[in-house]
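Naming follows writing order (A, B, C and D), and every chain is counted from residue 1.
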Amino acid sequence: MTTPTSAPFEYDSNPALSATGLKGFTLPLSPSGKTALFPPPPWDYSAEMLVVDFTADRDTLARYLPAGLVPTAEGSASFGFGRWNAGAEADPRMKADPARGQHDEAYLLIHAMMGDKKVGFLAFSWVSTELSQIRGLVQGFPKKLGSAFISRPVEVGTGGPRREPGHTFHAHVNSMNRRLATASVTLDTAEEAGYVPPPASIPHLYLRMFPSLAQAEASVLELSTLSLRDMEVGSTYSGDATLEFGESEYEELHELGPITAGRGYHYWYAMTILSGSVTPLSA
Amino acid sequence: MTTPTSAPFEYDSNPALSATGLKGFTLPLSPSGKTALFPPPPWDYSAEMLVVDFTADRDTLARYLPAGLVPTAEGSASFGFGRWNAGAEADPRMKADPARGQHDEAYLLIHAMMGDKKVGFLAFSWVSTELSQIRGLVQGFPKKLGSAFISRPVEVGTGGPRREPGHTFHAHVNSMNRRLATASVTLDTAEEAGYVPPPASIPHLYLRMFPSLAQAEASVLELSTLSLRDMEVGSTYSGDATLEFGESEYEELHELGPITAGRGYHYWYAMTILSGSVTPLSA
Amino acid sequence: MTTPTSAPFEYDSNPALSATGLKGFTLPLSPSGKTALFPPPPWDYSAEMLVVDFTADRDTLARYLPAGLVPTAEGSASFGFGRWNAGAEADPRMKADPARGQHDEAYLLIHAMMGDKKVGFLAFSWVSTELSQIRGLVQGFPKKLGSAFISRPVEVGTGGPRREPGHTFHAHVNSMNRRLATASVTLDTAEEAGYVPPPASIPHLYLRMFPSLAQAEASVLELSTLSLRDMEVGSTYSGDATLEFGESEYEELHELGPITAGRGYHYWYAMTILSGSVTPLSA
Amino acid sequence: MTTPTSAPFEYDSNPALSATGLKGFTLPLSPSGKTALFPPPPWDYSAEMLVVDFTADRDTLARYLPAGLVPTAEGSASFGFGRWNAGAEADPRMKADPARGQHDEAYLLIHAMMGDKKVGFLAFSWVSTELSQIRGLVQGFPKKLGSAFISRPVEVGTGGPRREPGHTFHAHVNSMNRRLATASVTLDTAEEAGYVPPPASIPHLYLRMFPSLAQAEASVLELSTLSLRDMEVGSTYSGDATLEFGESEYEELHELGPITAGRGYHYWYAMTILSGSVTPLSA
């Protein structure tokens, strides 16, 4: 699921695109291509993550998984927050402009069995920028716009928590004027170098979809996975966690019913996304 | 280009979607389908528009049109602002929640000849909500997030302009921390009932695109038009206008070079979008 | 309480300000004065209002009124939403830039008796711009930043409600990631010309306050009223209403307890604020 | 200028406030006091700073200083960006809710001589939250709302810069839809422990102002300084910098004329604000 490829992504050799006389990996196309919403991969990411593992009712979780996936025996899932920093070889503006290269995120990853393989299915995600949202939709990330607020570790003083046992990190995410989730992790353990927290240790699976207005069938509907390079987990702290889901007429987190928060993890994470591979869904 | 259809849009009869066990016209899918970014058409719209017609260098405009379209003899285009209100038969939340059903927009429509037929090609658009943006991308609208601010007509007092000759409406649009366009229209004429302002009188043409991460070729790349119902123009005022484009590292409005603002129009506009039809692009 | 004055507001004759060598009606001061948060009055306003009258427990309401005011016999109050447009003689940028001159608002006005005079005490207000917020604090309006979303009346089509009996207007206000209030008014009556809806018919009273960091006593703490000119009510529709308050750790709307929504009003309103007069509070 | 005091700030012993029967360090007052915009000091801060020292024309800088201050011989100033985390003893919600306790900032500090003492005069500041803005106005910080975007240092991967020589940090600030300043610092030196970067080494001076609507004279106009405790500078990196000011009809940064960027500093900074002391200004 993470077979690396090394060739650059040659989207602009596309004859149909060339036939338009316009350029761009996405709309809006223009003579230079610089108006596109985001550049082609490879995309480089470095993130500070705050993730809470939890369990819920298995039958309920099952309803949120696509056919072919079943919940784990324990009904496990992760609710995570990330402060992401991203660049792209093809677009130096992403690193030169923090408003373009940075975004904050919250997401629900349901742990699932695909046959005897454990995977994570990204059920919901909320991000703070259109670049992240639409780049995500292209990958199969079910992203909406939302506002995630996450404690920032501090080096001096008492204005925020330190990355040390005894300190508490808080986070919440909001979308369409509703509080969707509120979490906290009180660090108690500095993990050893090389430690990989459970939520970072399973491959992810996505549903990619682009609707049609001309027919009932979606133009694109397929299972999607990503080819990654240079995945790395940095320093990690863990601790006991709290997690609470709120109600929204636009969401289904609260519908997961009673949940039990497990351990929480604060860790650095990096990777480069090279490309995606897809399997069409059919009846 | 506007042949009405009357059947409701039966997206959920899609067998591949059914095979997932999940519902929704768009991501995120869920058991109820209520988490989708927006519902299927028909979509109802009512908008208060402020549109400025202008001319630019024909050779420059030609560079922003897809192959097959050429600028008009006079090099004409429209830069418009709209305060949109929208509903959908399939989603009563759009009218019940103004945060969902309303958005503000600015756009560039290049007037063009497709053979001997005059059309408008939507080159760029900026909108204030994700619902409008992604619903637009599905239709082929090259939408980004942006903030449009537009004078609101007032009924009493002097806090804003009235819809009367002698009053000036101002508007500007901003995206990614750059001022993209600033416009004004000083009303001098109340148009007769039944008048259709020039920018509302030509059919529109779009490029629909959804990139692939698995291949150079985009998953979707096609010319798109819409089937409309109940198009209506309401009361209209016109007047002399000003229009100025600003620089942005993410846009190409300023690259249009010197422009000459013509007449401006303040009018009400309504329509219902039923479906789209598409023509694949190929080399 | 609304004695008009006609002299322009000569703030810049202030010797202490002149002694700084800098200009401005507010911080930030600068050589030109153009950096100030807002200009001095007179301030012109035109607004489209959606206001719901309601009643609550009198003893509870009493707790939200300053000493000297008591709730009305019926325990009445208004929760209103406004789409405001504002200008200022001293600052043409307010009308030329809709981002500066417009704001949206929601507020709680508790009806009260001051002796045998009926007044409205502005208990809470949320607005969409810093200009409105801080200009409000200077007047004694207890304003916070918030997002108010209000149905916009449409002239054609079905994208939004019309200002006609049978149509429903919706509104909600949010602050600090919490939904604070949700309201609707279903119009059933077009009021006669000259009609003044109850919530627009009583004078308002404010508490003006500016804390000190150098002493326990606030630098400014006084009762405040405003001198107005050219107050005008435009066309008005009324109807039955709904109103619901939500919970927030930063607010006390929900603490008002059970409420009974009465009539709602959709009307145009205008006025010019000339100056304020104040009465110091003392023990 | 930084004499510490140790008594808690007893604002609520204020008899005039008690006379209202309402509570709060600021508006909005309420029975519980929990609706106030922010709590009384002490206020704890921890910040990650990116500051660029620069020089400008002395005569021009002099125009931005209040009477009694003159520019330094070299015409020096600092333009800084900060990612602030704040708490308050009296309000645990600030640390429990990152949306309340965190803000981002950009500011202009003009270095000046007050007699033979070198001080920093805070000429302009833009912040991302109302809490920071209005708490700042109470201290004499000339704060507006604005959006500052600042590179975040990363621990792993290549999504952002590391705090290591050779890496570049970028930042920009925007307000009222205009880009006000764009800066970068390319780190070349890890400073020794105990190093205090020049922009953190001088005491600051502020103008505190609250206008009146009842008279020409402002209700509050005074020179202000703060009493601090536990000031600490953490790890610091420095490097060559770039700095560019943009135009805005609401600002006067561009009016500073040609500037020469000097060194830039990326450092951690902490302090606790205890109280303020003020000197009235008079003609």
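Convention: a contact is a pair of C-beta atoms (placed from the backbone, for glycine too) under 8 Å apart; a residue touches a chain by one contact, two chains touch by 3 or more.
Everything numeric here is computed off the predicted structure, so don't read it as measured data.
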Chain A and chain B share contacts with C, D
Comparing B-D with C-D, the one with more C-beta contacts is C-D
Relative to chain B, largest Cα-centroid distance belongs to chain D
Whole-angstrom distance, CA centroid of chain B to CA centroid of chain C, is 34
Chain B and chain D have mean C-alpha positions lying a whole-number Å distance apart equal to 42
Expressed in whole Å, how far the mean CA point of chain C lies from that of chain D is 30
By the touch definition above, chain C meets two or more other chains at residues 97, 99, 147, 149, 172, 177
Residue positions on chain C within touch of chain A in the complex are 147, 149, 172, 174, 177-179
As the complex stands, chain B meets chain C at residues 44-48, 83-87, 95-99, 101-102, 147, 149-152, 154-161, 170-172, 184, 230, 232-235, 268-272
Interface with chain C, chain D side, in the complex: residues 9-22, 25-32, 34-35, 37, 40-41, 63-67, 93, 97, 99-100, 123-125, 130, 133-134, 137-145, 176-177, 207, 209-214, 216-221, 224, 226, 249-252, 255, 275-278, 280-283
